Amino acid sequence: MSAVTARIRRPRSTLARSLGLVVFAGAALLVASEALGPYDELQLANGAYYFAVLAGLTVLIGLSGQISLGHGALMAVGAYTVALLIGDERWALVPALLAAVAVTTLVGVLVGAAATRLRGPYLAGATLAFAVGLPALADKYTSLLGGENGLVINPPTPPSGLGANFPLERWEAWIACAGALVVLFAMNNLVHSDVGRAFRAVRDDEIAASLCGLHVGRVQTVAFVVSAACAGLGGGLLAVVLQLASPGAFALQLSLSLLTAVVLGGLGSIAGAAWGAAVLVLLPGWTNDIAHSFSLSTQVSANLPLAIYGLVLILAMLVWPGGIQGALRAAVSRLRERRAPGARDASP
Amino acid sequence: MALLEIEQLTIDYGPVRAVDGVTLAVEEGSVTAVLGANGAGKTSLLRTISGLERASGGRVRLDGEDILGVAVEDIARRGLAHVPEGRGVIAELSTEENLRLGGLWRGAQAAPLGDMYELFPPLRERRTQLAASLSGGERQMLSIGRALMARPRVLLLDEPSLGLAPLVSAQIMRLISSLAVARKLAVLLVEQNARSALSIADRGVVLNLGRVVADDAARALADDEGLRRAYLGF
Amino acid sequence: MTRFIDLTLNGISTGAIYALVALALVLTWRATRIVNFAQGGMLMITTFIASSTIASSGSYWLGFAVALVCGLALGALVERGLMRRVEGGPALNAVIVALGLLILLQALAGMIWGNTPRSFPPAFSIRGYEVGATHVLFAPNDTFTVLVVVAVAAGLAALFRGTALGLKMRAAAFGPEVARMLGVRVGRMFTLGWALAALVGSLAGVLVAPEVFVGPNQFDPILIFGFTAAVLGGLDSPVGAVVGGVVLGLALSYVSGYEGPSLVTLAALAILIAVLMIRPRGLFSSAQERRV
C-alpha cells in the first residue's frame, strides 16, 4: 500500500519541488537585484539569458547524448525574431518573446529531425556548419536583416507602476530573470519526468530503449526541440537586454563557448547550467583583471577567456568529466561518508 | 626448462575470478591441449599469456623470461604467436597482405611467402583477394600461416576448429601436430572439441571454472572415461 | 558561357584545397576513428608560423618547408600528447577534446600574432592564364595547387599500398588488436597517421592562405568544407576525399557565382545533410567494416 502511495506522491512532488525552487530563486534574485548597481544588473541579465540557453543545451547533450555546436545560431534566430517584431512591427515584449520561442522551435524541429540520423562527429560537423552558415544569411538579406550592423531595438520601458526612477538595467534584469525562471521550472520538471527518463534511456542504449517501446527518433527530436525553444528564448532575451541583434554576436565562438559552459558546469545538470552561465558572464571580467595586474597586452587579454575555455574543455574531458556540479556532488558524498562510514553495502 | 611456463596464474574480471591459480608448462616440439566447457577460462588464459589482458597474479615465462605485463607487440617480438578465437583475419587487407603483415617485424628473417603457399595451396589461389572473401577454413589457414611468417617458437591457438566442417577441422589439427614437430614449436591449443584435440596432443590440461582439474598425458586423459564424461562431453 | 567556365575552373582549384583538408580528416579517421575538428586550428598555426618565417627570412619556400615540418611535429604531438587519451573511448569525448583544442589554438594564435587577418603570398602568380583576349579564372598558382593534390594523393597511395610501413599503418587502422599481436607497434602507427594528416593539412593552409588571409578564425570555413567533402566521399576513403573535394568545390563555386557568396556555407550544409540522409557512408566508402 505504501509503495502505491509513494508512487502517487512522486509526480506531484516534482512539480511542487520545481515551484518551490522557482519561488526561492525568484525571491533571491529580487533581493539581490535591489542591491546591485547598473553594471552588475546587466551582468545578472546576461547570466539569466545564458542560463536559459544552457539549461536546454545541457539537457540535450547530457541527458539525450546528442551534441550540438549550433545553438549559437538558434539563439540568433530568437534574437532576430524579437528584433524584427519589436523593432519593425512594434510588438509588445511578451508576445515577441513567445514568437521567438515559436520560430526557433520550428527551426529546432527541422534540425532535430535531421539530427536523429546523425551520431557523434557527424552531428557535430553538421551543427558546426549550421552555426557558421546561418549568421551569413544576414549578409545576404541586408535590407531585412540589417547586414553586418544588425538590427537595433528600443530599450524596454519599465511600467509606470514601478516608479519614474526605476533603473532600466534592473528592469532588463527582471525580464531576463523571469525568462530564466520559466526555463528553470520547465527544465527541472522535464529532467525528473518520464520524458527526461526517455532521453536518458535513448542515450544509454538505443536498441534497449526501442525494445521498451520508445521511439528513438521521436525522443531525440523532442530533446532537440526543447533545447531549441530554450535557445530561442535566450536569444530573444539577449536582443532585449542588448537592444541589438547582429551577426557578430552569434559567430562560431558563441556556440563553442556555450559548449564549454555546459561541460564545465556539469553535463546534464540544471545546476550545472547555472554554474556555466556564471562562468560565461564573470570570466571575461576576471581575465581582464588578471591581465591588468600582470600588465598583459590587449592582444593577450582579449584572447585569454577563449584560451581558458579551450583548456577547460580539454581538461574536463580528460580529468574532470563531471564538471563543477560533479565535483560538488563528489565532495558532498565524501563528506556524507565521513559522517556515516560503512553506510554503503559491501559489494558481493 | 619448458619453453612456456605458467605458474599460479590468476585472472579476475572485477569480482569474478576467471582463472584461478593455473599452472602448466609446454615443451618445445609438443602440443598441449587446454580443454573444458565454455566459460572455463580458456580464452582468458591465452589472452593473458599474449598480453592482451592483465593478470591479477602468478607468472608467465617465455624461454625463462617473465612476460607478464610486457606489451602485446613486444611479446610477439619475442617469438610468441597468438592465433585468436575467430581467426582475427583483417578483412580489409588481401590474403597476401595479411600474410606479409605477420612477418614484417622479422624483416629479412621472416619465412618466405612461398613456404606458406606450399603449406596452404588454397591461399595461393586467393592471394590478391580481400580476406573477407575467404571461407572459414581458408581463414584459419591464413591466420595460422600469418602467425608462422614470423618464425615463432610458441604458438597459441584459440579454438581453431570453431565453425569448420569436420573434415577441414581434422585437416587443420593434423597440420598443427606436424608443424609442432617439424618446427620445434611449443603449441598451446585451446579447444572445445576435446576428442579432436586429444587425438593430436601430447599433453592435456582440463579446466573447470578456472581451475585445473586434470593435467596428464593426452592418451591417459582420453582413456579416463569418468573424466571425459564429466568435463569433456564425450 | 565564359562565366560557367570560370566558375568551373575556380571550383576545381578551390576543390583541390577542400580535397587536401578532407584527406587530412580521412587520415586521422582511418588511423584512430577520430574526426579531428582541431585540424582547422592546426593548419592555421602552421600557416602563421610560415607567415612569420617568410616575413623574417624573405623566402617563400623556406616558409613553405617550415610549415610542413611544423605540421608533422604538431600532428605527432597532438596525437601522442592529447588524443591518445581519448582514442577508443566514447566518440563524444574525442569530439569535445578536439573542439577544446581548436578553441585553444585559435586563442593562442590571437595572443601571439593578433586577431587582425594578415596577407600571405601565393607560391606562383595569381594572374589568370591568357586565353585569346581574356584571362580565365585559373592561374599558375592554381595549377600548382592541383599538382600538389595529385602528388599528395599519389604519394599516399604509394605509401599505403606499396610499402611495409603503409601496410602496418593500414593494419593498425583496421585491426589494431590483431596488428599488435603480430608485433606492429600500433601506437607509433597512430602517431604517424596524425603526423601525416597534419602535414597534408598544413599544405592546405599555405595554399589557401593567400585567398582567405591568415587569422585565428579565417580558416573556419575551410574546416567545414573539408569535413563536408570528407563525408561526401566517405570518411574511410582517401580517393573519396579527393573526389568529394572537387565535387564540393564545383558545387560551391556555382552557388557562389549564381546566388552569391554568403550562401556558400549554407549550401555546404545542405549538401552535408543530403549526403548524411541519403548515403551516410559517402560515395566511395567500402561496405566492409566487419573484422573476422
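Think of it as A, B and C in the order they're written, each chain with its own count starting at 1.
Please note the rule applied: contacts are C-beta pairs under 8 Å (C-beta built on N, C-alpha and C of every residue); 3 or more make two chains touch, one makes a residue touch a chain.
Since this is a predicted model, take the numbers as computed values, not measurements.
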By mean Cα position, the chain sitting nearest the middle: C
Chains linked by the largest number of contacting C-beta pairs: A-C
Remotest chain, chain A as reference, centres from CA atoms: B
CA centroid of chain B to CA centroid of chain C, Å: 43
Euclidean distance of C-alpha centroids - chain A vs chain B, Å: 56
CA centroid of chain A to CA centroid of chain C, Å: 33
Contact set on chain C toward chain A in their complex: 34-35, 37, 82, 85-86, 91-97, 99-108, 110-111, 114-115, 216-217, 220-221, 223-224, 227-228, 231, 260, 262-266, 268-269, 272-273, 276-277, 280
Chain B to chain C touching residues, read off their complex: 50, 52, 71-73, 76-77, 81-82, 84, 86-93, 97, 100-102, 104-106, 130-132, 139, 146-147, 150
Chain C - residues contacting chain B, complex: 164, 167-168, 170-171, 174-175, 177-186, 286, 288, 290-292
Of all residues in chain A, those that touch chain C in their complex: 61, 65, 67, 69, 114, 117-122, 124-126, 128-130, 132-134, 136-137, 139-140, 251-253, 256, 259-260, 263, 299-300, 302-304, 306-307, 309-314, 316-318, 321
